[in-house]
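Next up: the structures, one after another.
The same chain A turns up in both complexes below, where it pairs with chain B and then with chain C.
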Partner chain A sequence: MREFLSTARSRLRRAAGRDAGSDGDAERADGDGDSALATDGGTAEAGADVAPAGGTDGLLDRLDDRFGEDFTESAPFWLPPFLLVGLFVYGAIAWNFVISLTEYKGFVGPDYSDLDLDMYVRAVGDSAVIDATVNTFVLVVAFTIVALVIGMLLAILVDQKIRFENTFRTIYLLPMSLSFVVTAQFWLWMYNFNNGVVNIALGAFGIGPVDWIGNPQIVLWAVVFALVWQFSGYTMVVYLAGLRAIPTEHYEAAKVDGASTAKMYWRVIVPQLKGSTISAAIVLMVFALKAFDFLYSLVSGYRPPNGADILATKMVREAYSTNNWAYASAIAIVLFLMALSIIGPYLYYEYDKGNL
Partner chain B sequence: MSDATVDDADATGRTERLGDRLRAELEALDAARVGVYAALFALTAFYLTPIESGLVSAFKTNPAGISSTLPFAPPPLRFFTLEKWRTAITALGRGMVNSALYAVPATIVSALLGSFAAYGLTQADWRARYKAPVLAMLVAGIFIPYQAVLVPLSQFWGAIPLRQLLTPLWVLGVPSAYTGIVELTITHVAYGIPICMVLFRSYYRNLSEEMVEAARLDGATFRRVYRRIVFPVSTPMFAVVLIYQFTQIWNDLLFALILVSTESSPAAPVVLILAGLGESMEGQDFALRMAGAFVAALPTLIVYIMFGEEFADGVAT
Partner chain C sequence: MTDTNTTRRDVLKGAGGLGAAGLTGLAGCTGGGGGEGGGSVEVLHGWTGGDGETAADALTEAFNEEYPDTGLDMNPIGGGGNENLDAVVANRLQNDDPPSTFANWPGPNLARYEGVLGDVSDLWEEAGFTDSHVQEAVDLHQYDGTFRAVPLGSHRLNCLFYNTSVVEEAGVDPDSLDSVSALVDALETVSTETDAVPMTHGASGTWTTTQLFGVTLLGTAGYDGYMNFVEGSPSRDDVQAAFESLATIFESYINDDAASIGLTESNQNIIDGNAAFIHQGNWAAGAYRNAEDFEYESDWGFKAFPGTEGMYTLHFDSFLFPANNPTPENTRTWLEFVGGEAAQVAFNQYKGSIPTRTDVDMSEFGPFLQETAEDFADADRRPPNIQHGLGITADQRSSLNDVISGEFSGPYDVEAATDGFVDAVSS
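This part shows the complex of A and B:
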């Protein structure tokens, strides 16, 4: 049906002189004296009255023949946003790569005549960068896994046909609406050595007090915990949508088979949430890579607590605190490649499923 | 009906048996139910504790009230004060205005552009072979760590003579530091388009095709279909995107830090001022920090409480 419609439509439009009826093209064809066509309404018959216009039309038609019939007509919609993103994202990444090949630092602009990989060599030999890479990796992996597990448990709990479901869901998702800057203040207070809730709660069991932020062995885990608090509600929402998409028969069938609730979830339901898990994991990893805001706010400065330096904070510090621009760009490229190694396969997976 | 009277006795028996079974099931269920609700309430406590502890602490005096009461207990009368809120509002007030100055326009423009892009990439008929890379580049834009574009971004805004271009504003008495706000607006629009596009795209793909096809068969142009059909039916999605995008832009620190840089700047956004609040020579003033955190979070909290559904829709996509 749809194919028929679209062929019929394209035939009709070609017969009608095609461009004459289009707002966008009519504007471009203003010079040809058919600006009257830009008025709305009755466009089809108006098109029939007018002889095909001159050279621009020929070019546009050829573009449409090459790329598809709506190509030029839809371009005013998708092209400007695409160009803006192209410039700010992909242009900037390319530029960033070029800067990383220079020796740019301090206040004199980059010298593009002398390009080499010195900065990458330096990064590989810099133990601070290695530490930051390891920390980034630990943060991303630990945070993603824990947030997925907690989020799934939340989703299963909320999915038990409970009362006040909306209220519970709203509460669990609430931290996500807050800025990293705000949650960093809350957790700084939670983790406070003498008066924080965490140490007082643990003290009731005779544990601690623990210096959560000051101890380099612990601080990264404390950050992971805070981030899980902030984003497990997000995972819950994703899983909840996934759970609701599973047909009830699957639950019934498992029940008839006499499976216990736990077994049913583990064997029947969890495997069906693969799609939700993948998309949630991708977004969580990206959040983790953006944890810069949180770490910056913890200390109100570029130097995060010892033991919690990640590539994101290291890069910004190199650039804006010590003005090692080229070096910072090289670190940024490393971070970008890490992100790409996650997103690349994901986009391919989506493309494979026909979602792109 | 007559059957019912005949089977009356039998039916009563069955109902009783059914009732017994139900009761037994309910009893078994009850234990599980109680467990579920206990877990739900425990989790509620977990998610609310940091916020609650922050809220009560914001009303305490520093350092006496902060250090001599439990962090989650409400302030006793002798330690109660509104002074921290007053200080926080004074310190953050201009930041709130500055944040709104770029967050509101950037939200609206990026939502519109995202809607345009999604429309041009879903309802338009052009070859998938060429459409896919455009789409992939836009989708991938969501996941780029911003660190990978920061240095060029600084270079770019440094090279653009924005300050000269906006001379009329400075003549009108706007502090010239507000170039930072203009830069932030454009930057947030550019980096916000991908997520807005994806949100709208999932919506436009499910739009009734007949409606759009029919309109185009009638000779309506691509643009006209957007204006008359697609845009009006996108209203619910616009609510979702605007709310999500506003929260994201308001909450972002990184771009504010790079483009405005100091919290003492007249154009400093609220997150930038908050990040430096409560640091003093005598130690950290947690009561002030907490009050400041709530003041800065207020707009997003209001949006979230009013439009929680839409926010959940936004993040779920």
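This part shows the complex of A and C:
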């Protein structure tokens, strides 16, 4: 905490001392530092105030002691959403987990008296589920890494004070505004074996034609590529914001020390983009887990091309084409754990930094 | 410092208050809705575009004319084949909020709705449906000895359509093809004599391939071999032979882009003269009727799938009767209407299917459907299909499609696909 305070202060000083062309930037940095100071100071003070009052009786007071001075006072504001979210989000997850322990199938209600892990055992032994898990994992990891790299390169290029900067930014960001349904149809046409633009373009260099959708070894990468096309613009915007926050002195200092452009970015600039990278990566991974929409639109059905089946499509197929509710719930829990394993470390990281 | 503190808290309070208000509002919404109870028959179906929509409109009109006092609430749910419809129906049945009736396939497919379908046996008796419909309809609309549904129409599945000018250019006479191997020879001729694709196939979904397997098995193994497969005691050799024929066709004679196109684009290849043959249910003919300057016999032709002459692979579009029905009496009125002549004529002539009754005057139908109806009446055998619910259960169908997706969507592994299919249906 103390470290954080001192970095905030030094950041503030830097921002104030900077003669940067944009006043807005300096002001914003100013505001940042201020509120950070206020927050930390406030909490520390509050803690100090509360400590001596600890001995007073009454449940409300004790609750306040335990959870902070305005715990009960603020309850009318946070309690209703807390309960609703608890019921409809976490309650639903818990219920889904309970269903996954039953043998629920068809339309005659589940039998809650006999709970076991049969469905998970079945999932572990089901090669289709294992394939889907591997595909989901590959999709998430490959898509995130490639989208980050491309987004960063684009951001660095767009950040070079080029002409038509805004136009380029818009062009790169535009695919993100399209829905998965539209982009899936786009790419389905572009990947067509005979008259798709991808094969025509490759044909000009004497490559192909490649069966993008029909070849089980390739189709997942084709999907990853299409998703990267859609989301690298978003990554670019996140990185642009990160780049703008880096003071020009850092560039100048690196230049003065004789660093080449590549070295300057690699050693000085990119390491400072850690925060942007993490927040962009989280959003991208969550989008990758939602690739269901894309695959559904690609084939207008729950059954993606061979080699591109992911847990989400497998889950919906089990639920709605064969009404194996319990099995589908078990697959949903597996998917949920995967999502949690992505979000969990991030939340801990933020908590550790004192941002939560 | 106190200033900023207050501001921050104010913002938090405001946000908390807004969130609470919003969520309470939402919670309020979930309580409402549902429970119409006015007695209108709520009909869920999936006919939302093209032929289907026209046919559903004609059906609505005919019902309102015949029963002006009975409310009708047609609720079309399109998309993804019938996947979206099935999902909505599944959710509503699960929540014990069934519609009055919904469109689906009868036969073993009824097993997936076990425990939630009602009994309409008395309706079949009273309306005389057991006598007026073909025997297969009578058999397939029962589950556990009780009638659960009423048929509206039937599509034919063992169809081979062709573009007349392409087959003429190749010098092939489609009517002479009487076995699957004769078909393969004809495909070879088309591929050497013309630039057209011998057989167009849209495999972006697996169902087209499963369906093609069905007719190929019927064509190679004959009625008895096919029925053994459907009834759960398949001969491995029969299944393997069918897959070998399919592999030959897929490896050499279909369009290169099969994996990235669906039925609509595939069928367009026939209309545009880019392909010679296509196998599909006779719903494919709807696209030919709607295409300009593309007439039956002069531009496109029909032939029973080679080896299945004299047979009619059955498909039914039916309305199922959920138990715990919100409008039991009016739903019965609807079902009685659906199984009657007026409804079957109004609907099927636009849908491109034929009535399941044997006593219908076909004069309002086009020449192609008239011929289909004759074939239907004269057929020696009417085997149930495997991809559209009549031959096998939904679970088995799903397993077959898993096998097609994993083993037979290129590269084509005959051994693995054969094992998968035999395992999936063996009882």
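Everything that follows uses one rule, which is that the second predicted complex is superposed on the first by the 279 of 356 C-alpha atoms of A that agree within 3 Å, B and C clash if a C-alpha of one lies under 4 Å from a C-alpha of the other, contacts with A are read in each partner's own complex, and residues count from 1 in each chain.
Heads up, the rule we're going with is that a residue touches a chain if its C-beta (ideal position, glycine included) is under 8 Å from a C-beta of that chain, and two chains touch if they have at least 3 such contacts.
All of these numbers come straight from a predicted model, not from anything done at the bench.
Undergrad: With both complexes overlaid on chain A, does A:173 touch chain B (first), chain C (second), both or neither?
TA: It touches chain B, and chain C stays clear.
Undergrad: Between chain B (first) and chain C (second), which does A:320 come into contact with in this model arrangement: first, second, both, or neither?
TA: It touches chain B and chain C both.
Undergrad: So, does A:241 touch the first partner chain B, the second partner chain C, both, or neither?
TA: first
Undergrad: Once chain A of both complexes is superposed, is A:303 in touch with chain B (first), chain C (second), both, or neither?
TA: It touches chain C, and chain B stays clear.
Undergrad: Is A:182 touching the first partner chain B, the second partner chain C, both, or neither of them?
TA: So A:182 only meets chain B here.
Undergrad: Taking the superposition on A as described, I'd like to know which of chain B and chain C A:107 touches: first, second, both or neither.
TA: Only chain C is touched by A:107; chain B is not.
Undergrad: Determine, under the contact definition given at the top, whether A:223 touches first (chain B), second (chain C), both, or neither.
TA: A:223 contacts neither chain B nor chain C.
Undergrad: Looking at the overlay, what does A:215 touch: chain B (first), chain C (second), both, or neither?
TA: It touches chain C, and chain B stays clear.
Undergrad: Quick check on the superposed pair: does A:273 touch chain B, chain C, both, or neither? Answer first, second, both or neither.
TA: neither
Undergrad: Of the two partners chain B and chain C, which one touches more residues belonging to chain A?
TA: With both complexes superposed on chain A, more residues of chain A are touched by B.
Undergrad: Please write out, lowest number first, the residues of chain A touched by both chain B and chain C across the two complexes.
TA: The answer is residues 42, 70, 74, 76-81, 84-85, 188, 192, 194-196, 296, 300, 319-320, 325 of chain A.
Undergrad: Which residues of chain A touch chain B in their complex?
TA: Counting only chain A, the residues touching chain B are 2, 5-6, 8-10, 12-13, 16, 21-24, 40, 42-45, 47, 64, 67-71, 73-82, 84-93, 95-96, 99, 109-110, 154, 157-158, 160, 162, 166, 168-190, 192, 194-197, 200, 229, 233-234, 237-238, 240-241, 261, 282, 286, 289-290, 292-293, 296-297, 300, 311-312, 315-316, 319-320, 325, 328-329, 331-333, 335-336, 339, 342-343, 347, 350-351, 356.
Undergrad: Which positions of chain C touch chain A when the two form their complex?
TA: 1, 4-5, 8-9, 12-13, 16-17, 19-20, 23-24, 26-27, 79-81, 83, 86-87, 90, 93-94, 112-116, 203-206, 255-262, 394-395, 398, 401-402, 405-406, 409-410
Undergrad: In the complex, go through chain B and note every residue touching chain A.
TA: My answer: residues 32, 36-37, 39-40, 43-44, 46-51, 53-54, 57, 66-67, 70-72, 113-114, 116-117, 119-121, 123-127, 130-132, 134-156, 187, 189-191, 193-194, 197, 209, 213, 216-224, 226, 247, 250-254, 257-258, 261, 271, 274-276, 278-279, 284, 286, 289-290, 292-294, 296-297, 300-301, 303-305, 308, 311-312, 315-316.
Undergrad: Contact residues on chain A for chain C in the complex?
TA: 34-35, 38-39, 41-42, 70, 74, 76-81, 84-85, 106-108, 128, 188, 191-196, 209, 211-216, 296, 298-303, 305-306, 309, 317, 319-323, 325
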